[in-house]
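Order of writing sets the chain letters: A, B, C and D. Residues in each chain are counted from 1.
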Amino acid sequence: MALTPEQLAEIEAQRATPRPTLRAVSEGMESHLYRAHTVLDHGFVRVIDYMGDDSAIVQAARVSYGAGTKHVQDDAGLIRYLMRHWHSTPFEMCEVKLHVKLPIFVARQWIRHRTANVNEYSARYSVMDREFYIPAPEHLAAQSTINNQGRGAVLTGEEAARVLEWLKTDAARCYDHYHDMLSQDGQQGLARELARMNLPTNIYTQWYWKVDLHNLFHFLRLRADAHAQYEIRVYADVICKLVADWVPLAFGAFEDYRMGGATLSAKALECLRKMLAGQAVTQESSGMSRGEWREFQAVLATSDT
Amino acid sequence: MALTPEQLAEIEAQRATPRPTLRAVSEGMESHLYRAHTVLDHGFVRVIDYMGDDSAIVQAARVSYGAGTKHVQDDAGLIRYLMRHWHSTPFEMCEVKLHVKLPIFVARQWIRHRTANVNEYSARYSVMDREFYIPAPEHLAAQSTINNQGRGAVLTGEEAARVLEWLKTDAARCYDHYHDMLSQDGQQGLARELARMNLPTNIYTQWYWKVDLHNLFHFLRLRADAHAQYEIRVYADVICKLVADWVPLAFGAFEDYRMGGATLSAKALECLRKMLAGQAVTQESSGMSRGEWREFQAVLATSDT
Amino acid sequence: MALTPEQLAEIEAQRATPRPTLRAVSEGMESHLYRAHTVLDHGFVRVIDYMGDDSAIVQAARVSYGAGTKHVQDDAGLIRYLMRHWHSTPFEMCEVKLHVKLPIFVARQWIRHRTANVNEYSARYSVMDREFYIPAPEHLAAQSTINNQGRGAVLTGEEAARVLEWLKTDAARCYDHYHDMLSQDGQQGLARELARMNLPTNIYTQWYWKVDLHNLFHFLRLRADAHAQYEIRVYADVICKLVADWVPLAFGAFEDYRMGGATLSAKALECLRKMLAGQAVTQESSGMSRGEWREFQAVLATSDT
Amino acid sequence: MALTPEQLAEIEAQRATPRPTLRAVSEGMESHLYRAHTVLDHGFVRVIDYMGDDSAIVQAARVSYGAGTKHVQDDAGLIRYLMRHWHSTPFEMCEVKLHVKLPIFVARQWIRHRTANVNEYSARYSVMDREFYIPAPEHLAAQSTINNQGRGAVLTGEEAARVLEWLKTDAARCYDHYHDMLSQDGQQGLARELARMNLPTNIYTQWYWKVDLHNLFHFLRLRADAHAQYEIRVYADVICKLVADWVPLAFGAFEDYRMGGATLSAKALECLRKMLAGQAVTQESSGMSRGEWREFQAVLATSDT
């Protein structure tokens, strides 16, 4: 359970006092504000604030394109047009602020998305909580034998048990020593900025993360993708649901053009034209490498999830 | 007059319908929403949306510093501490979206601040309005004889009259030809993306500009400064007033530490220590250049505005 | 002619003195250094400096992926893999600095690409040169009747002559008055920062523009595209040639996956699968809008330039 | 020892083959290229590439300010002027690429500087090396009792021995288990992307880090500061030395105006004017908080390092 009774009470208090505003309001997002959506064993995602809604995207586009947008009949059509033609600035007019609790090794992937604002809990100032990510047995996967950065079958039997035991006891021992190094009971107590180095990267940290919708979509395209590491993908999946409630038209366009779409190379398009004309094409005649050909076949064969 | 009756009616309609929200609300900013603050002869600044308030800055800082912030007694003290020690990320947690109408030569300075989101009216899609910035007589200044990028005395007499006449008639003629080139009345009509090149840079454009508070303060420090060009400074001055109503504690700290403060070099500090110890210091003995010494004297002599 | 004899002499002097370096060197780029590639009637692009080459991309990728990159047989294969899977950071390891002379209305489009460093000639400090972009007759196009931001047929006859005459005489008159306002001959002389507002946006400015290869590719994908305005596309085309000589492997991958490729939506992929299975698909049954369907047909019908 | 004989041989090979270039060359930086500067117990900083030198800063400024820069007599004076007046873009025209090996807890601070390009060794693709930061006894400091994020006296005796023993044995045990989880000897072998979570944050990672000089100065001002954590400050100190050899004029200006300078608030300047006029000022009469007053006194009392 990620939240204490005190935290739940605080969230309810924040939700109890609506105030009038003249700003754009997204009903879908209001229903999520402050509430914690649990992720992994101790993590969560909470919406702290947001700016704008689907109309704000349309409004910004109409400022840019003026009378030029009048022929697009409705907001949904305009938003789909903007997404299809890679117009990024209207989507930048929406902004969201999330409170996220996540393991450090996930945070290290996440922070690589530079176009965002972050306030992270500082282990120089404060003591870390004793909470570690321990994978559920069904997520304890072997190294993929075909993909250098992927997972294969789930570990079983003694190997699985041994791994879980190590993850738990190593984390516990490291934290115990962290705690004992900091102690000022009968000793000086090591500086927090030093003691923290003894903690493993599955310990949970937390941060406020603020990002505009365009950059959030970029994050989600990479991190909600089937090839992303499971432990960050579950955060991206939760955020997808929040965004779907916040800006349903923009999220629909994003799903169709980005998540469900595919980019084909000049070579792949040439193949496709031949295939549609009834010609046979092979990897050899395509000019593609084996890897490219395999990926091209995958795009054509089956519905992308 | 910058606004038509239709625009005023639209603003009143937007202001007439408050809706409940659970987000942070700044009463001071709500009073400004959508209203146009006139700048120069045809320009304006309007607040379209905002995220956060003084409390949001404090809240983000407390996430970062945890128990480490408890010794700071109140929000004002914490915000002043953050500003004094160049902590930028808590201020990034606030965001504002403005609608600005401004001459192109001002927009070209403004856009150099890259960390912001912009949707500008496009003269490829739409026809520009016939509105030009013509300086008021008291702002028609001569080139400074001592500062390469500054202004000197106000022009007078025939010279002033001649300049104003040229500015007005050249703008009018360029716009007339722009209009006539576009016309499809008895001719093909030049492409908008080409015709616009005939317009002078004192024509008004407009944009939505969205920026976080940290980067806005950086903009204001440079553009509300006495050395900024008058035509952008008046926009910065209006925005200062809006920010003072939005986040009064943060703006107070900004005024004290940034706008009213000064940065002294190692050499200048060394001089200061000598002067406080009763020693005489001259430009020669200071190791400063003439320009540096003059600026140093100015900091010490008089209250900075 | 864009360059004076003095400028040509200066370029030759810069090119006359090679010095030894231990850094990565791109022979292809060395041949371009400092030389001006003419664009439009008075513009140019010059390479001032560069960092890295194809090997630098590979080297950075191997730092990231370590032993994981060993199975890719050669540099070209690895670079194509990185481009195909949207790995952006290895391409960011190359950097280029260009000196560009361009009309202000082109500069205003260009500057919207924010992830770059810019030093522009300042009309507050210095006097602008008397050089304006006047389109060649074959580029004097009418407004497109089907595309809000496009061009149609070339103007002819009296209309073309009238437009050219206006562009020339308006620019000349505006510049004459600019010059006369600045004059300190028998008058005070208007401040440069004010006088510049009388200049039309087809006057030439210049800047140093420094950008990493990833962001440069993003710029080129948008601005070397057939839908980009001709006057910026010619700059992008020249830069494409420079990049092809600088990092030939990366540029080849860019051409195949970005310039020559296309992104298909989930709906379009579904159609494609049906078509390859021999089923008939129409716009109605596709779920696409008329615009989407037209673009989809265009991708399938013909080789994209 | 941070480098293997193989690495040293590779560095010597890279340094053995100078090639001619027409680009700006900094002799000072050439002498550092590829060589590893040892930091902490296993870390290093190596210059991989650079763009520009002091002249490149001057050259970019002269493009911007044109004839306006002619009155500044020499390059040093112009660079000092640019630094003093917060002109950032000319300094952005220089770029450097470093190869850095550093503990993860240091990397997590470092990465918060977002305006840079990074390629980090990926523990999803590859296996981490068995190298951990263990502080030297003289850097094993107690928590400061007055500064929430600072260090106090050095630990001594049994407490110091106990801390060092824990740091060493916990790191060793975590790594042993990491290694054993990955093993495919008689078992499936855990996925690398999961096993890495068992490693403590004092393990060494490495990355290529590319940044422009303006943003590097910002990094150095914060991280070479006396209040920065020792373990990142030693990296900043090494980089300061490299920059001093690369762009000596710019680094000199940086030392005088940034590292050795101080920013005073409006209140502090008011106090100073009174003090110079011979009036007594106290904390109470200054309007400053106790913390501000203490910092103000520190600036006046002693030479800042």
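Here, a residue touches a chain if its C-beta (ideal position, glycine included) is under 8 Å from a C-beta of that chain, and two chains touch if they have at least 3 such contacts.
In this text, all values refer to a predicted model and were calculated from it rather than measured experimentally.
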Those chains which touch chain B and also touch chain A: C, D
Co-neighbours of chain C and chain B - touch as defined: A, D
Separation of mean Cα positions, chain C and chain A [Å, integer]: 33
Between chain D and chain A, distance of the C-alpha-averaged centres to the nearest whole Å: 30
Approximate Å spacing (C-alpha centroids) for the pair chain C, chain D: 35
For chain A, residues contacting two or more additional chains: 65, 68, 118, 122, 125, 148-149
Chain D-facing residues of chain A, complex: 103-105, 108, 111-112, 114-115, 118, 122, 124-125, 133, 135, 140-144, 148-153, 155, 159, 163, 166-167, 170-171, 173-174, 177, 180-182, 184, 187-194, 196-202, 229
Sites on chain A touched by chain C in the complex: 65, 68, 71, 77, 80-81, 84, 86, 148-149, 222, 255-257, 259-270, 272-273, 275-276, 289, 291-292, 295, 299-301, 303-304
Complex contact set, residues of chain B against chain A: 14-15, 17-25, 30, 33-34, 49-52, 56, 59-61, 63-69, 89-90, 92-93, 95, 97, 99, 117-122, 125-127, 206-208, 210, 212
